[in-house]
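These are the structures in question, set out in turn.
In what follows, chain A forms one complex with chain B and a second complex with chain C.
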Partner chain A sequence: MLDIGGDNLFVLEFGDILHYYTPYTATLFLVALIFTGLVIASRPEKQVDIAFGGDAYYAKETTLSEMRFRRFMAIACGLATMGAMGSGDLFNFTLFASLVGIANIGIVAAVKSRHVLDAAYEYGIVAMVATLPLFGGAALILATTGTLSIPALAAGGFAVPLVGKAFLALGVIGEGMAPFYAAKAEMFRAPGAPYVIMCSLSSLLIFLRVVEIVITI
Partner chain B sequence: MIPEYSLGLLVAFAATGIAFYALMRETDGLHRLLLTDLIEVASLAFIALIGTDLAEALILPGLVVGASELIALSEIYRVKEGYTRPPDAGLRIEVMESAPAILAALLVVYGIVLSGFSGGAVAGLGVIFYFLCCGHAERFALLETASGYSWVLWIVAFFIFMILPQYWFFAVMLSGSAILVKVMAKMSLIGTMRGGPNA
Partner chain C sequence: MIEYLVFAAAFGLLLLGLHRKVIARVQMRPGPPVWQEILHALKFSFKSTWVPKTASATLYVGVVLIGIGIWSAALFVVLAGESILILFAIYMLHKVVEHGFGLSSGSPYGKFGGVRSVISAASEIPLFVTIAAIYFFTGSLLLDDIIAYQTVHGPLLLIAPPAAIAMYLVILSKMPYGPFSIVEGKELVSGYKTEHFGVWRAGIAVIDGTKTFVLLFAFVAIFIGAVPFSLALIIMTVILVSLSFVCAVTPMLSPYDSVTVQGLITGLMLLYAGYLWWVMP
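Now for the complex of A and B:
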């Protein structure tokens, strides 16, 4: 076992399903927790666009209902990220990762602008397609080793198929695709920091976690 | 691994390849959404290939994730394309006037006999059919309330399993009937999805 996370700080067992924190995952968990707190406390930004070639400018307003929905989705995304950080069960991890994907779609799709919705739709299709390698990877690992528990797999004695690991990483890349759509400026032109930043942060965190899982098992 | 598993895996990979190739070729937005559902089915096949009791427990969340993403994306598609007008009343044929009461009653009774999750699905199918055929002047709030309370009973049953295991039989009955009502109420909502003011 290649131990990159350090010793267990805390283990909570429900039968064979367990949650555990190593210094590595605990750090990621704390980042997600702090940012979720920030999302709850802060107000959405107010963007100001300057009309090119003149003195005129116009301010974009975020309506209350839109703000509420996006804040709810951002909090849900934070909770899902925190769950993915602490989960010691491969299938639970994949479920949390796909929940992050759904919440990211929700954060972006609340903006009623054609361009933003186009980008959100494309991202949503990628996130939906990514559930195949995500669940497929977990299922392959379960079928060949007989267990989903990460500590049990890490203890050794199992030949975890490389295809399963690759599928798992591929699935998380697909679910956490949102920041790569930053190239599509439409998606991030939508007013409403800090909620949009939650997309990037959650994607980064689940990716860091899957790297740890793939190296450990 | 056993040959059956390898064979099934081969079929699942082939299905995945076909589905991804179709998605690559397709350019129309709505058709791409439908094709992602094809990929969802292939991912369920991967889980089903495990072939144990655990597979059954894992398919359900996989299905829920797929269904919820499909619903979210179709809502985005609807808003982005600006489809606001509900579709017309559509199909009216004779069998839709005469059959629903008998068929729905049969399915609901059989569902209650089955009980549990599969019973809920069968009874829910009967209710869907009834709502589809005989209009849907139902009260959403009532359905939601029934579904919510039965969900709570279901959770209570799980706590009994964990805290007072000696009353397991009571908990089995409680969770079986609660999940029957919950699945039925949720599924019957599908039968009302055909436009109209409150849909």
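Now for the complex of A and C:
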């Protein structure tokens, strides 16, 4: 197996499914863990907005019920991201990536603002469509090679189709909404920095992980 | 190990001071003394400090510590000759830290700095072209292997100049007062840094200093190879002065122009990576 992320630190086995951690994936895992801890420990900020056309300004309040729901979704997002960082199985990785997409929609969809809800709806459509290449990529690789184990694929001897890798990357970009930042900026009108940051962080981390997977297999 | 961190932060701040001085001299202003950024960091360390009433307190403080943590880790990755994929992951995670700085205070200036940070994520993609090009040539992403490759074949700067240009542009996009510094635009006061003051601002200075040192040191190690440490510092200074000239003569682009230009650069670099993939055995 290529050691592009450094030598294996340890392997966690669940029957024939395994999670492996290199310095690279362990770093990503730790970052996800730290930010999930911050989500648990932080309360949302009071976003200050200037009333248009005057000198007045006001601070947006986040209600307790909204905060609880968004915190729950942000923690789910953090857990899914941590799962995706160490996964040694392509199918599990795609499941975790799609869970990140769902949790991201949940983080913003609880905000009662037209702009934010519009952006959440648009992202929902993109994330839903992106599951097709995401799972399609994994299915293509399974159909061609007969395995979904990343270490087995990385060990060589399999002709992993390029289109499968491209589909995986495309699916992750869609789930992580990386190229849809214009819509994301609308989402960031939402108060609740600790939760909104999980959207940004999880997108970035699953993108960084898929880069490693695509180079490795 | 702490002495490495202190040296990296101090030398990085000295480089940022030199950056301001060179820009000022090119623009025919006297400019601040080169140690100004170090003085700033020391001054802020002793200023009175609190957390704004509107801020998400834990996140407001936490991002400062995370920023220092990730760049300290990046320094040790470079010094230990570990995978440059980790280094570049940390570089991209800095985007999230900037975003955290901007959003956590509740200030509209910080928020727009954070949002600009997110929309300018296109500037990170050339990093992966750099990684891809290096991997095509060296067959490894471990810094030690890359340095060993250059000892035999010569500097990657000559073998893969577009990859070096890509990383140069990535460093340029992180330099203050540069064409792509939209996250710190003066119309946003200090952008994402606006509401972090006192000790928190000193923490940001440490992050900026360490980041500058790590990125320039990594550039030397990746594209020039093994050189004595003192020579590496001189080369880093020369690269920084060249960046300062670019910043001095280039106006800051508007956010959308900045993203467009970075997108075009990314497209060109992807073409180069595709070409390498096609021609390399």
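Just so it is clear, the second predicted complex is superposed on the first by the 205 of 217 C-alpha atoms of A that agree within 3 Å, B and C clash if a C-alpha of one lies under 4 Å from a C-alpha of the other, contacts with A are read in each partner's own complex, and residues count from 1 in each chain.
Methods note: a contact is a pair of C-beta atoms (placed from the backbone, for glycine too) under 8 Å apart; a residue touches a chain by one contact, two chains touch by 3 or more.
In this text the structure is predicted, and so the values were computed from the model without any measurement.
A.B. asks: Thinking of the overlay built on chain A, is A:Ala155 touched by chain B (first), by chain C (second), by both, or by neither?
C.D. replies: neither
A.B. asks: Determine, under the contact definition given at the top, whether A:Leu208 touches first (chain B), second (chain C), both, or neither.
C.D. replies: So A:Leu208 only meets chain C here.
A.B. asks: Touch check for A:Arg43: first (chain B), second (chain C), both, or neither?
C.D. replies: second
A.B. asks: Return first, second, both or neither, reflecting whether A:Ala143 touches chain B, chain C, both chains, or no partner chain.
C.D. replies: Only chain B is touched by A:Ala143; chain C is not.
A.B. asks: For A:Phe91, select first, second, both or neither according to whether it touches chain B, chain C, the two together, or no partner.
C.D. replies: Only chain B; A:Phe91 stays clear of chain C.
A.B. asks: Scan A:Ala109 for contacts with chain B and chain C and give back first, second, both or neither.
C.D. replies: A:Ala109 contacts chain B only, not chain C.
A.B. asks: Answer with first, second, both or neither: which of chain B and chain C does A:Val11 touch in the superposed model?
C.D. replies: Touch status of A:Val11: no partner.
A.B. asks: In this superposed model, does chain C or chain B come into contact with more residues of chain A?
C.D. replies: C
A.B. asks: Return the residues of chain A at which the contacts from chain B and from chain C coincide.
C.D. replies: Touching chain B in the first complex and chain C in the second, no residue of chain A appears in both lists.
A.B. asks: Along chain A, where are the residues that touch chain B in the complex?
C.D. replies: My answer: residues 91, 95, 98-99, 101-102, 105-106, 109, 112, 114, 117-118, 120-121, 124-125, 127-129, 131-132, 134-136, 138-140, 142-144.
A.B. asks: Which stretch or stretches of chain A touch chain C in the complex?
C.D. replies: Against chain C, chain A makes touches at 3-6, 22-24, 27-28, 31, 34-35, 38, 41-50, 59, 178, 181-182, 184-185, 188, 191, 193-194, 196-197, 200-201, 204, 208, 211-212, 215.
A.B. asks: Which bits of chain C are touching chain A when the two form their complex?
C.D. replies: Contacts found on chain C: 53-60, 62, 66, 70, 73, 82-83, 85-86, 89-90, 92-93, 95-96, 99-100, 103-108, 111, 114-115, 118-119, 121, 128, 131, 135, 140-142.
A.B. asks: For the complex, which residues does chain B have touching chain A?
C.D. replies: Touching chain A: residues 1, 5, 9, 12, 16, 20, 23, 29, 32-33, 36, 39-40, 42-44, 46-47, 49-51, 54-55, 58, 61-62, 65-66, 68-70, 72-73, 75-77, 79-80 of chain B.
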